[in-house]
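Paired with chain B in one complex and with chain C in the other, chain A is shared by the two complexes that follow.
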Partner chain A sequence: MAIRLSRRKIASYYADELIAGRDIVRSLAAYLVDSRRLREIELIVRDIESALADRGVVVADVTTSRSLTDQAKTAIQTYIKATTGAKSIELRQLIDDDLIGGVKVAVPGRELDATIRHRLNLLKATKV
Partner chain B sequence: MAELSVTELSKDLRDAIAQLEVAGDLETVGVVTRVGDGVAWVHGLRSAGYSEVLQIETVDGIVEAFTLNLNEDEIGAVLLGSDEGVSAGAKVTLKGTVLDVPVGPELLGRVVDPLGNPIDGGPAIKTKQRGLVEREAVGVLGRKHVHEPMMTGIMAIDAMFPIGRGQRELIIGDRQTGKTAIAIDTMINQGRQKTGVINVYVAIGQKLSKVARLVERLKEEGVMDQTIIVATGPSDPASLLYLAPYAATAMGEYFRDNKQHALMIYDDLTKHAVAYRQMSLLLRRPPGREAFPGDVFYLHSRLLERSAKLSDDLGAGSLTALPIIETQAGDISAYVPTNVISITDGQIFLETDLFNQGIRPAISAGLSVSRVGGDAQTKAVKSVGSHLKLGLSQFRELASFAQFGSDLDEATKSQIDRGQRLTELLKQHQYTPAGVWEQVASIYAVSEGIFDKVPVAKIKEAQTALLTRLWTDHKKDMQELNKGGEKINGDSPFAKLIEKAAKSVVKGFED
Partner chain C sequence: MDYSTSFNTFANAAADPEKTGILASLGIDWMLLAFQTIAFLILVVLLGKFVYPVFVRIIDERQEKIDAATNAAEQAEQTAAAAQEDVAKLLKEARKEASAIVATAKDEANAAIEASEKKAKSRAEKIVADAHDQIEKDVIAARKTLHNDTIDLVAMATEKIIGKTMTGAIDDKVIAAAVKEAK
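Take a look at the complex of A and B:
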């Protein structure tokens, strides 16, 4: 049996292939099935995203309680570019009523939580 | 009352909210992938360091953890609280510090948990300083040889296996042989003799009822003011049991580094090793002998190496350690006992057989040893102690074959008689530590043969009579003798005083 590869190695290989423009999603899927690592799929996706971020391609999750205006989107993009130094950014928008208000920006490995829900949680934890 | 609190509450809330302002920057986060048995596995947080504190967000607030496994793909962290609220998917952030605890004189008289939080129902503890839980031990140049006595008040120990300030002396024995009793007597003696030594008692997974009894007793004896108790119970998570001795040592080191003397009591390191074994196995580190991980020796050696006598340049403070190890059926060749025996500067071995024979403290004279304390003994105790050790060892040799026959020559018989009296003399009740003058006078009276005519059963009575007489008639001299600066032999004035008093006491006890 082949040596068990670490997720980081798989992610880094796959990110390189993606940037080179080759689509190897089927081979990755086959590898995971073959090595019985299907349970790790979510983590591998996360690892690939962070490997891509290291190479300047950032996938960002933007969660808000209402849909964003184009102006806000551009502002967030500029902000992410400035803080991560990314060359290209792909925004994934998610709507979550539970956040009450504000915005949550998550890039691989890092996060900015400026939602009302988060502040309320913190307030609960500080115990006035 | 009700009216007033509304405005105050709103002000408090406003302040709390003001402090919550989110810093406008991306912070490094990870996510919990698995959690269970007090261990959380975290994905992400690539910049985390070893032993760094993590904060895990849960619905009930923040739970802290510290990293112990740094793998390529994930981090293994041990939770410092309950794992109930922690779920997979929870957000994890770095606190940016390694573990530290409050240290300082503010802790004196308090009972705290290994993170420095009070558990005695008292007010919050505010200290000026914090100390690192894991800290490197003092180097060679920062040390000095052990030369001051750390009197335990137990005659058998102070005379035969003396402990010095900065020494590590192991107390080892089966369950119910009086290990903790020796440690407690030593703490009480620091109060009685007004040595000013700070006691730090660490309960590692001890029954909390036992800790509560100890606190009561120390308060009764008036030594709680110079004592810190770091307590963990059997229901605490293994991570806290693991941290307890290190955190307590950090508290003791404060006094060592500030020109004072402190005494650490680790009760007991067997449970500490077991807690560490639990953590290691849950972190999937490979098990070795007795399923302990490979670094169980380092676990205790790095802890005990922090006890030291500091050089004059560093203020000449000291940290003495009395670790306790519980053996199973007297087996001192098990893994953890052999490790700790080889780390420490000697051991006091307690035997079940002796304990059941009524010889308490049940110290085995043959297996106990103190490797550095001799230099630390006061001259007075040293001069009588050498006779005692000799007398007892001759007695042990003869007593074994004297059982076979009754035809013994006079010399042998007298040695056996002397030995029996010495053994009787070294029996000592709990909570009655003896000062230097009491030890010197009692041992001198027996080892010089003055008490030979007193029946063995009445030795303790005779001893009490002698001490009472000496104290009432020669209080000044005894106070002087208590300083221990002079050798006691045939010519010294103290010896003559003791001899005279002893001879007159004997008259009342002769058959």
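Take a look at the complex of A and C:
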């Protein structure tokens, strides 16, 4: 049975592995199964993303109502660099028709919701 | 003795004055006179001994009764007079007390009326104030409802209009503006 490590140590290790260009999927899966910590997989992935962000590699979840154009991608990457100081940015694009328009950008420790749906929700939230 | 005998005796005496004397001439039989005198005295004694005391006693008792009745009547009269005075005094006091009671009752009635008017006025003011408050609350509630309905309407209309008019180019502009604003 594997030694039980803290999520922080696991995330730091696998972040370094990713930056070094190695595939971590099998190794991480094996470790989690062996240590019976499969239920923590989402938390560990998030911690790895945070560790990557600390190393200048930001993985951003970008949610829009339609596929991003190059122009939009560039604008979003510029924004992420400006706000996080990242050297490298990886966009993970998600499509959600319900957003109507705009963009939602989620990076470790920060989130920008500039969607039409969010603004409509803010408007509805002003109801008394 | 009947009148004919007496008249005969008197007539005989008058015919012979010297033989019978003056008494005889007057028709008086001295023996009869003495006898009648003694009988009268005996009668007087008997009356004085047995009859008069009874009459006197009866009269005295009657007199005492009359006196007692008179005294009782006088006393009753005095009592009646005193009672009348008492009645008059009581009536006077009763009238005075009645006047006081009436005055007190009037004061209390006035006070009660005044208190009722004050209470009614206060209640009316409260009802008016409550009505104002209720109206104000209703107005506020109506404004809230209008506000919320307007927001819902605007949100729904905006969603439909933007959903229909949104294109990729417009979306790019929206995204660019959003990230620029967020920097």
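Miscellaneous remarks
In this section, the second predicted complex is superposed on the first by the 121 of 128 C-alpha atoms of A that agree within 3 Å, B and C clash if a C-alpha of one lies under 4 Å from a C-alpha of the other, contacts with A are read in each partner's own complex, and residues count from 1 in each chain.
Here is the rule we go by: contacts are C-beta pairs under 8 Å (C-beta built on N, C-alpha and C of every residue); 3 or more make two chains touch, one makes a residue touch a chain.
Just so we're clear, the structure is a prediction, and the values are computed from it rather than from any experiment.
In the overlay built on the shared chain, the residue A:L112 is in contact with chain B and with chain C. Contact with chain B, but none with chain C, is seen for A:L43 once the two complexes are overlaid on the shared chain.
Residue contacts after overlaying the shared chain place A:T126 against chain B and chain C alike.
Applying the stated contact rule after C-alpha superposition, one finds that A:R66 touches chain C and leaves chain B untouched. Touch criterion met: A:I100 reaches chain C, while chain B stays clear of it. Contact with neither chain B nor chain C is seen for A:Y31 once the two complexes are overlaid on the shared chain. After overlaying the two complexes on the shared chain, residue contacts for A:Y13 are found with neither chain B nor chain C. On chain A, the surface patch touched by chain B in one complex and by chain C in the other comprises residues 83, 105, 112, 114, 123-124, 126-128. Of all residues in chain C, those touching chain A in their complex are 144, 147-148, 151-152, 154-155, 158-159, 162-163, 166, 168, 170-172, 174-176, 178-183.
Listing the residues of chain B that touch chain A in their complex gives 9, 12-13, 16-17, 19-20, 22, 24-30, 33, 43-46, 57, 59-62, 72-73, 91.
Those residues of chain A that touch chain C in the shared complex are 64-66, 68-69, 71-72, 75-76, 78-79, 82-83, 100-103, 105, 112, 114, 116, 120, 123-124, 126-128.
Those residues of chain A whose C-beta lies close enough to touch chain B in the complex are 6-8, 43, 46-47, 50, 83-84, 105-107, 109-114, 118-119, 121-128.
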